[in-house]
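Next come two complexes built around subunit A: one with subunit B, the other with subunit C.
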Partner chain A sequence: MAKRIKVLVAKPGLDGHDRGARVVARALRDAGMEVIYTGIRQTPEQIVATAIQEDVDAVGLSCLSGAHNNLFPKVVALLKEKGAEDILVFGGGIIPDGDIAGLKKAGIKEIFRPGSSTDETIKFLTDHVNQ
Partner chain B sequence: MTKIIEGLVKGNVRSLAKAITVVENDRPGKKELLKAVFPQTGNAYLIGITGPPGAGKSTLTDKLITLLRQQGKTVGVIAVDPSSPFSGGAILGDRIRMQQHALDEGVFIRSMATRSHLGGLAKATVDVIHLLDAAGKDVIIVETVGVGQDEVDIVKIAHTTVVVMVPGLGDAIQIAKAGVMEIADIFAVNKADREGADKLVNELRSMLDMATGDWKPDIFQTVAKNDQGIADLLAGIYQHREFVQNAGLDKEKFKSNVQRELCTYLMDGIVELAQACAGYESLVQAIYQKEMTPLEGAEKLFQEMGINNEWLMVGGDNAEKG
Partner chain C sequence: MTCDEHKQAFQQRQQQWQELVDKACARFPERRENFATTSGIEMKRLFTPEDVAQVDYTEDIGFPGMYPFTRGVQPTMYRARFWTMRQYAGFGSAEETNKRYKYLLENGQTGLSVAFDLPTQIGYDSDHELAEGEVGKVGVAIDTLADMETLFDGISLDKVSTSMTINAPAAVLLAMYVAVAEKQGVAPEQLRGTIQNDVLKEYFARGTYIFPPSPSMKIITDIFAFCKDNLPSWNTISISGYHIREAGSTAVQEVAFTLADGLAYVDAAVKSGLDVDVFAKRLSFFFNVHNSFLEEVAKFRAARRLWARLMKERFGAKKPASMMLRFHTQTAGCSLTAQQPDNNVIRVTIQALAAVLGGTNSLHTNSRDEALCLPTEDSVRIALRTQQIIAYESGVADSVDPLAGSYLVESLTSQIEEQALAYIKKIDDLGGVVKAIEAGYIQNEIGDSAYAYQKAVEAQEQVIVGVNKFTIEETPPENLLTIKAEMELKQRQKLAQVKEQRDKEAVSKALSELKQVAEDGGNLMVPILAAVKQYASLGEVCGVLRQVFGEYQEQ
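Let's turn to the complex of A and B:
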């Protein structure tokens, strides 16, 4: 059996729109992954502490408030600070075209925006975690 | 692996988390790891929290953590949620209620999926308890999956088992049924601000009037989300702990726990050994064709493995003879 992929789906920041995060969590579950969901309004510090305690393979960040340019890179930086830079970070939400390059440069491995299918996210995780 | 073990004993969070992954996934190094930590186990107090889905187990656990931390105790939490029987995946959502403790270094929370293990816990739960114990946690809370009537493994492991009930789930006959209702050292009637709470307490009380044994379970009314009744509940847990320790039940439990672990490994090993026997596949085929019964098949495999099979006849002729 291939390794069971463990993912933390987290919502940093102040928006309470978690439908997207829950749809992704459910899709990953149905793809055989173990998904930890921590609810809305999490700080980057909480997310990183949780990712480390749960020893996840990847962290998926969902943000619809526009604060992604601050919050996503902060999660990557904190993971690095704690020696956990091997944990893959990906993101989703309302992210403008112009922000994607910057986020990727900051260490967010992939961004999934409105219109992308959950299959893409599943494939991304399977490809990158099991490599 | 040496690095993980060293870090674990020193209280390094990442090492502890990595160690749990090793035992949970049966990764190489598991044996070495458990051997290294085993001498340091048996010190933590183990509290089990069980009850139906949505009763408030996670919220109660969250509030208990707060109180335990105020008393200066370090806390480990194992929160178990079910795996999908179809995809094998899981959504582990117990932590949502406990995220206020995410940054507290005295609290370590780990979510586990059952991975089809029955009984309300994950298969590796006991190993993870060993690791949290060796990492120096004073109290370990194990929150089971939401249970119905028969998922009672927690009582074998925990020193104190709290069964969380809520009003509105059934009548007095549900309460009189065997299984989960029997394993409580303490009942928490949560959501006690709802209609039917008093009735539930009365029904539980009349059930407990008929209970025999040295410990009579207490009933506490709580409204976990409003912090009501939590201090009393914890005081009740401490009272039970005193009873357990005075009666030496904690040591007895540790002994039966390690014995059960031993038996689990034995069973797994024997099954593997049997499946490696040359005639295994044709034997399964023979049973499928109804040329022999599964019991006879097992007997034959034991003979092939060179194990004296006289004791095997559980429920068979030899058992009858006593």
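Let's turn to the complex of A and C:
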């Protein structure tokens, strides 16, 4: 049997809109995953420290303020710096189509746009973790 | 016919109709087994006089401009003057935002509404490390009085009313506004506008808190007291349900948690020695409006009636103005879809119409592209035109509260009032709003509703046109408004320049005086005003207050 997937759902930056992050966290939990939610206003450094300490399989980043291009790649870079590049990073929020290619190039594995279903996120994680 | 004969005839017809219903349902089953509003209130097949038998017209509905204000806060409502058309705007630098304001005013907007960026809302200057990537993104960046001067350049502050969405640092931005007015030769008593200044909902729905609840409430009551003496036409707080709803609450929860916050502010102000009939008339409210049209109309009517009753019964308010719930409305950001964004124009129209039929005092209509980015000029103009078409073409503003007396609307109004009051009593039992937040009660209630909604959408019980039904292949939209990365750099340079040119000694003197007053428990508005006039930055002023009051940590 595959091990239980462990996910950190995180809110980097100053954005306080966490309805989406909370809903995703709960849906992943209902799908049998172990989920930690950081709460709002986390620095990339704090998120990476928690991810490593909790030994998670994946980190889900949520940002609706438009600061995703600064914050998401920073999380990936810091994970790499700490030798934790095996942790999968994905994200969501108000992210224009035009930014997605750049974010993926920076190492964010998938971006879920407004209107995505939680099933898509669940499927993405089951497909990409435990391979 | 006698009364009894009437009743008999009614029952006879009702029975005949029920037989027709049974036959119809056998041939054409209804679309759903149960119909309900977003708050879970049953949407009956048919509402009749039986559903409003308990409603007393004089006591419960009454006349507009009179207690309990169910039909509106003014005696003639929109027959004299339409609601204020106030589009929330702000992005990038003060220069860019100033241009947008002038554009909106030229297009017939009747009030300004300032959106600040997140560093400003959380009391950080643009050069703070946590501001990186956030400067100018969700609103305009304001560091010092110099930015505020630019923001209102060429706009006479005695001519416009200005709403500022600012909470934890509201005292600082209000002080800057007063200082800009003074430079324009406009006295504080001439200023009209609103600061949001509603910190409680930040702890459970919006997230831009700075200080713990107790000093936050102290700053709020300081503002009440200062405005009572100096800015008599200023709305000192905008008690906000908007963000509670965006966070996922139902309509009933929106009313309940907003009014519960309102009660906490009134309570704090009364305890600080203010007379309810002096400050309560400057309280204002801010609600969301969703697609669930009839429930939304009823929601506004219920909120007005419940607030009036609470103010009278709990605080012994005597003046009608102390019991009036005056409110701004914004259409629902969370109802906008990134898919087929032009459909949002229709959603916004339905929502705006509900707000007007609910008697809103001012209105912001969202732009179609806001699920994608900041709104472009074209989108903002369509949003404003939506309000103008409702006002000038639809005729709904020509008679006061036109949906009153609808069996459905009156029944929903009563049920929303009743259910919201039950929540407020539950919060009372928990020891008030602050205790309810600390216990996670409000957050959990909202979280449950948000999750249930998402589940309903994913199960297609709740249809969202263009998202889970009637979808098409789309190419990514073009011409989106973006904030360039250079903007952040320029803003930091401007701040550095202001810091270089100001009277450094006067700034440090003003900041140490502020610290002293904060420690002694005096009214903070006076030293804050003195500090911003010396071009002390927002981050510096909030920094002093952070040292004295500490910072709130999310539970």
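We take it that the second predicted complex is superposed on the first by the 131 of 131 C-alpha atoms of A that agree within 3 Å, B and C clash if a C-alpha of one lies under 4 Å from a C-alpha of the other, contacts with A are read in each partner's own complex, and residues count from 1 in each chain.
We take it that a contact is a pair of C-beta atoms (placed from the backbone, for glycine too) under 8 Å apart; a residue touches a chain by one contact, two chains touch by 3 or more.
This structure is a prediction, so every number in the text was calculated from the model and none was measured.
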Practice task
Give one word, clash or fit, describing how subunit B and subunit C relate on subunit A after superposing.
Solution key: fit
Practice task
For A:A106, decide between first (touching subunit B), second (touching subunit C), both and neither.
Solution key: neither
Exercise for the section: Determine, under the contact definition given at the top, whether A:G98 touches first (subunit B), second (subunit C), both, or neither. Expected result: second
Exercise for the section: Name the contact category of A:P114: first (subunit B only), second (subunit C only), both, or neither. Expected result: second
Exercise for the section: Kindly classify A:L14 by the partners it touches after superposition: subunit B alone (first), subunit C alone (second), both, or neither? Expected result: second
Practice task
Applying the touch criterion given at the start, work out whether A:E54 contacts subunit B, subunit C, both or neither, answering first, second, both or neither.
Solution key: first
Exercise for the section: Check whether A:R26 is in contact with subunit B, with subunit C, with both or with neither, and answer first, second, both or neither. Expected result: both
Exercise for the section: May I ask you to decide whether A:G39 touches subunit B, subunit C, both, or neither, giving the answer as first, second, both or neither? Expected result: both
Problem - subunit B versus subunit C as contact partner of A:A77, first or second or both or neither - result: neither
Practice task
After the superposition, just quote the angle formed at subunit A by subunit B and subunit C, using C-alpha centres and rounding to the nearest 10°.
Solution key: 100
Practice task
Superposed on chain A, how close does subunit B come to subunit C by Cα atoms? Whole Å, please.
Solution key: 5
Fill in the blank from the handout: Footprint intersection on subunit A (subunit B / subunit C) at 26, 39
Exercise for the section: Please give the residue numbers of subunit C that touch subunit A in the complex, ascending. Expected result: 118-119, 121-122, 124, 130-134, 137-138, 202, 206-208, 246-248, 334, 337-339, 371-374, 447, 450-451, 454, 457-458, 464, 467-468, 476-477, 480, 482-483, 554
Exercise for the section: Within their complex, state which residues of subunit A touch subunit B. Expected result: 3-4, 25-26, 28-39, 42, 45-46, 49-50, 52-55, 82-84
Exercise for the section: State the interface residues of subunit A toward subunit C in the complex, per the touch definition above. Expected result: 13-19, 22-23, 26-27, 39-41, 43, 65-67, 69-71, 94, 96-98, 113-115, 117-119
Practice task
Give every residue of subunit B touching subunit A within the complex, in rising order.
Solution key: 13-14, 17-18, 20-21, 25, 83-84, 86-93, 95-96, 99, 102-103, 108-111, 113, 115
